[in-house]
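Across the two complexes that follow, chain A remains constant while its partner is chain B and subsequently chain C.
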Partner chain A sequence: MSDAVVLTLREEPKHALIAAAITPDRLASLGAAEIAALPVVHGGRAAQLGDFFKVKGERSATIRIEGELAHVEGIGTGMAAGEIVVAGGVGRDLGVQMAGGRIDVHGDAGDNAGGAGPGASRGMTGGEIVIRGKAGPDVGARMRRGLVVVTGDGGRGTGRGMIAGTVVVFGTAGPGAGRFLKRGSIVALGAIERPATFRYVCTYRPPYVPVLLRYLGARYGLAVADRHITGRYERYAGDMAELGKGEILRWVGD
Partner chain B sequence: MNINGVAIEDTFAEAFTMRVARIVITGRTAKWAREAAVKLTGFATSVIGCKCEAGIERGLAEQETPDGRPGVSVLFLTMDKESLPQQLIVRLGQTVLTCPTTACFDGLPDVPPPDRLAVGKALRVFGDGFQASKVIGGKRYWRLPVMEGEFLVEETFGMLKGVGGGNFLILAADADAALAAAEAAVEAMTDLRGVILPFPGGVVRSGSKVGSKRYKNMVATTNDPFDPTLRAVTESQVPEGVNSVLEIVLDGTDPSSIEAAMRAGIRAACRPGVKAITAANFGGKLGPHHFHLRKIMA
Partner chain C sequence: MTTAARLRITGGTVYDPANGVDGVVRDVCIEGERIVADLPSGVPRLDARGMIVMPGGVDIHAHVAGSSVNHARRLLPEEHAADPVPGDAIRRSGTGGTLPSTFVTGYRYAGLGYTTAMEAAVAPLAARHAHAELDDTPILDSGCFVLLGNDDYLLRQIATGEATRARDYAGWLLGVTRGYAIKIVNPGGVARWKGGGSERNVTGLDDPVGSSAVTPRKILETLAGAANALALPHPVHVHCNNLGQAGNAATTLESMQAVAGQRAHFTHLQFHSYGGARGKEWKSAARDVIEYVNSHPEVSVDVGQVMFGAATTVTADSPVEYLLHSSTGRKWVNVDIELETGCGIVPYAYKEKAAVAALQWAVGLELFLLARDPWRVALSTDHPNGGTFLSYPQLIRLLMDRAYRDDRLKGVNQKLLAGSALLDGLAREYTLSEIVIITRAGPARLLGLTSKGHLAPGADADVTIYANEPDRAKMFATPRHVLKAGTLVVEDGQLRRAPAGRRLSVRPEHDRAVTRDLKRFFDDYACVSFENYGAEPVA
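For the complex of A and B:
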């Protein structure tokens, strides 16, 4: 058993590499050779993880992934526990339908991070995803529970169709953020283009926001400005075209 | 043994196992956190009449609280595990929930189930269906809409086996000396971790004995052996030259915290006008925790 399983990308794949097998739950019980033999799909063709990654360590629920991963998709799909740290950016479908554990991406993430798989009605149901960069479209879309944090800008449709959970965007949240949201929260520390179907309700200091932001600072070392911790937020209830039990919280100042 | 000319009697304080929770209350300012804490811990001096014992443990700086606001830590004790959540739900609901700007957090986060009390989970229904929850760092918090804005309360609170009824008695030449010594002792024990002094100003003037010599329905009555005015008519334990006795009662999270506080308090109480320090016990038959004064002060 190692402290962590380290996966180092040998060279950037030419096509999309679907690596949904990379989950801490799975790697926690596998030796290095077994990890290298895990199935992946490259350009629509079956392959093995070891064809693309150098594997160091074994039997650990902590995974560290290194290399240029913009074409690597589906990392952490359905994971329920453990931790993935990505030393760089990642492709689409990061943490799709994850149920627990943590993913910490030190770079940008592609489309649908924390979202739902093809044909699925709901996205992640638990756990935490921190993206220390920009997120592509539909980050947190249809999530049922859990936390997604984007320190850069969130793409179009951030938190679209959320059922519950929390999305925090430090930068600008893309157009259509929160559309069709049933419950759940989008905390916008930067600009957000709220849908017309959200209704302004009040400006206040939501007491859970300081708890959340201080947790992000303590757990992930994120630089959270005091003005965001102590500041006031406009609360928009919505989506009124759906249940209307969700919210967009937009920071408006000290 | 004597300290500063004050005799430390060769006896022990007898204390009981209680159930304890630590409540962290924060507010927009320290004043509002303390306002809530004072109300929460009001009428909570003794389980004999109040069904619980509670007190302010210490003030908390901004960096010590989950939301970065000033706060107050409260210890809350009952005799059994069933009544602790009942008392907390009633009291938090009427005092902290009602107090402007406050939020309420568990101060014993490391306590695992099943010793976690679903206090916030019960309080959430005040939200009448409009409440919402947030899970942050694996803990669930409830957001209750209120006229001011929102009240935040943690879903569960940890419960430990604590200690109730640690004590020492200050035997002084007169009431002024007894009060001054008691005040000095309380000052020395204020803000110590893991300990509260549940009585008014931390001091008890009406120490009690178990039961009654005359009234069979009374659970506790005056501690006549230590009442100076009854020296001639009871089996008095008031030494010559002593005209006033005050008691300090301590509750805490563990015996070592009680001991540390007793050590600080007794040392501070040994001052001019005080003749002796003793302690109340029941012969060692009732409580499992025995705090021997001379051992503590050695």
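For the complex of A and C:
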């Protein structure tokens, strides 16, 4: 058993590389050779993880992934435990339908991070995803539980159709953020457009936001400004076209 | 031209109830695509010693192709991701799930020993689509049941008392759509659903549909009469009103009485055999319904058993799907097929712990176990509505193995089972011969397929050979060899060949004068021109 399994991309794949097999729960019980033999799909054709990644370490629920991963999709799909640290940006479907564990991305993420698989009614059901950069469209879409943090801007439809859970966006949340949301919270430290079907409730200092932001500073070392911790937030309840038990919290200053 | 391939299947225990053969060790000889009486010595042999030989399976009612099935596939991409089927030298790639892709449907049916399946609901407008998909569904011989019970032109003929023209229309429509039988789904109910207004379904046989002259009863009478007058091989195939409603057994019995004396097939009877009152507590009324079937030899049924697990409800009965979507909150589609019918789809899961699902499961088993004439009670799950065809082996085990059945019964929700014959204890165990009847010989006879479902000389060489496993579920799930029209498609449990299947269709005689009126109707109301209608251009 190693401290971590380190996957290093040999060269950038020519086509989309679906690497849904990369989950800590799976790698925790596999040797290096078995990890290299895990199935991936490259440009619609079956291939093996080892064709694209150098594998170092084995039998660990901590995974480090290195290289230019913008074309690598589906990392952490359905993971339930363990930790993935990505030393760069990743492609779409990061942590789709994950149920637990942590994903820490030191770069941008593609579409649908923490979201639902094709046709599925719910996205991630637990765990934490931290994206230290921009997130693509539909980040946290249809999530059921868990935490997604984007330190840059969130894409179009951030938190769209959330069933529950929390999305924190440090930058600007994209258009259509929070639409069709049933429950759950979108905490917007930057600009966010209020959907027409969200209703203004009040401006206050929500007690859980400082707790959450301090946790992000302590656990992930994110630079959280004091003004966000101590500041006031406008609360919008919605989506009134859906269940209406969710909220958008927009930071409005001290 | 080479001489037809010959094969002697030797030493197997043959079950051929249509010819009175019940577990006799004998050879089965095949020449070309047919069974023959005998072959000279020295022809190739297939050793079936210790194995069980029976005709290929015939599914009398399944949803395997066409626009509704394809809508359902498009609604369920998650099933495709979960069950990919890679291609190889024999197979085309595809996907599985509750609605497999066309090629996979063929492979998997053959993998259960089935060689014929009827697509049970084809909207005439989409007949070309259904045939195109069936062309790509290998191995299976197939036919289409054409939806007519809510057809606008037909309802207009009934409204004006033109029974003869209605019959000619049915005959014409079956011909141009290359259909096999007339299907009725919730007669009048779908038309009301599509019509809007406050009444979105019918509640009984005498509700007016548009005109006071048009009622579900009248539609049933007209089409049952048409099917018999047109001398179709399969009588009218009826999905009754009030599917899935508590207390619907009364409607089902009334529907059977409405066509008394005429041949008629009532499909997925399980979904129509509930007691209690509408909107109130459900209970089983299987005993009442099957007793009527037992005592009326002109009536045939298939059961539409519910099997626990994933299913997808696909039906032309749009109002039912609306109810199902409202109660489950699952994603759905609902489609208006302009002048002809409707379509609704909701994915569904039957759970042992759910009271209604447990009742449905019990009602289906009661129907099977209380049926006296297996020739008129076919095995079906209304694939994929009550469960997929892949659950047939489990269903067979439930019927053949009382201990297993009683054990499963203990694990289901008992809340609604009071009064169910199953709870009182049904000792019956189906014999192998009876299973052959309800899965092969019976459906073939009910469909009028004289060369299927049996092994007499002249029959199609559709033969399934099973290892004689004591676990019947395992036995029926993994045939050792399957022959389709004389071609060995499954050999030693492996798919070896996947030839194209044949289409079964009818072209009934009718008065061609009906087309003059129809052309006017098409010009006034239809989205396609008369000449472009049907599975092939109208000649």
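The definition used in the following text is that the second predicted complex is superposed on the first by the 254 of 254 C-alpha atoms of A that agree within 3 Å, B and C clash if a C-alpha of one lies under 4 Å from a C-alpha of the other, contacts with A are read in each partner's own complex, and residues count from 1 in each chain.
Just so we're on the same page, a residue touches a chain if its C-beta (ideal position, glycine included) is under 8 Å from a C-beta of that chain, and two chains touch if they have at least 3 such contacts.
The structure displayed is predicted, hence computed values, not measured ones.
After superposition on chain A, the partners chain B and chain C are accommodated together without colliding.
By the touch criterion defined above, A:46 reaches chain C but does not reach chain B.
When the two complexes are overlaid on their common chain A, residue A:158 makes contact with neither chain B nor chain C.
Look at A:172: by the touch rule set out above, it reaches neither chain B nor chain C. Annotation for chain A, partner touching more residues between chain B and chain C: B.
In the superposition on chain A, A:62 contacts neither chain B nor chain C. When both complexes are overlaid on chain A, the residue A:120 reaches chain C alone and has no touch with chain B. Closest CA pair between chain B and chain C after superposition: 22 Å apart. Per the touch definition, chain A reaches chain B in the complex via residues 145-147, 166, 183, 185, 202, 204-208, 210-212, 214-215, 219, 229-230, 245. For chain C in complex with chain A, the touching residues are 75-81, 86, 330-331. Note for the complex: chain B touches chain A at residues 66-69, 103, 132, 134-137, 141, 143, 149-152.
Against chain C, the residues of chain A that register as touching in their complex are 46, 117-121.
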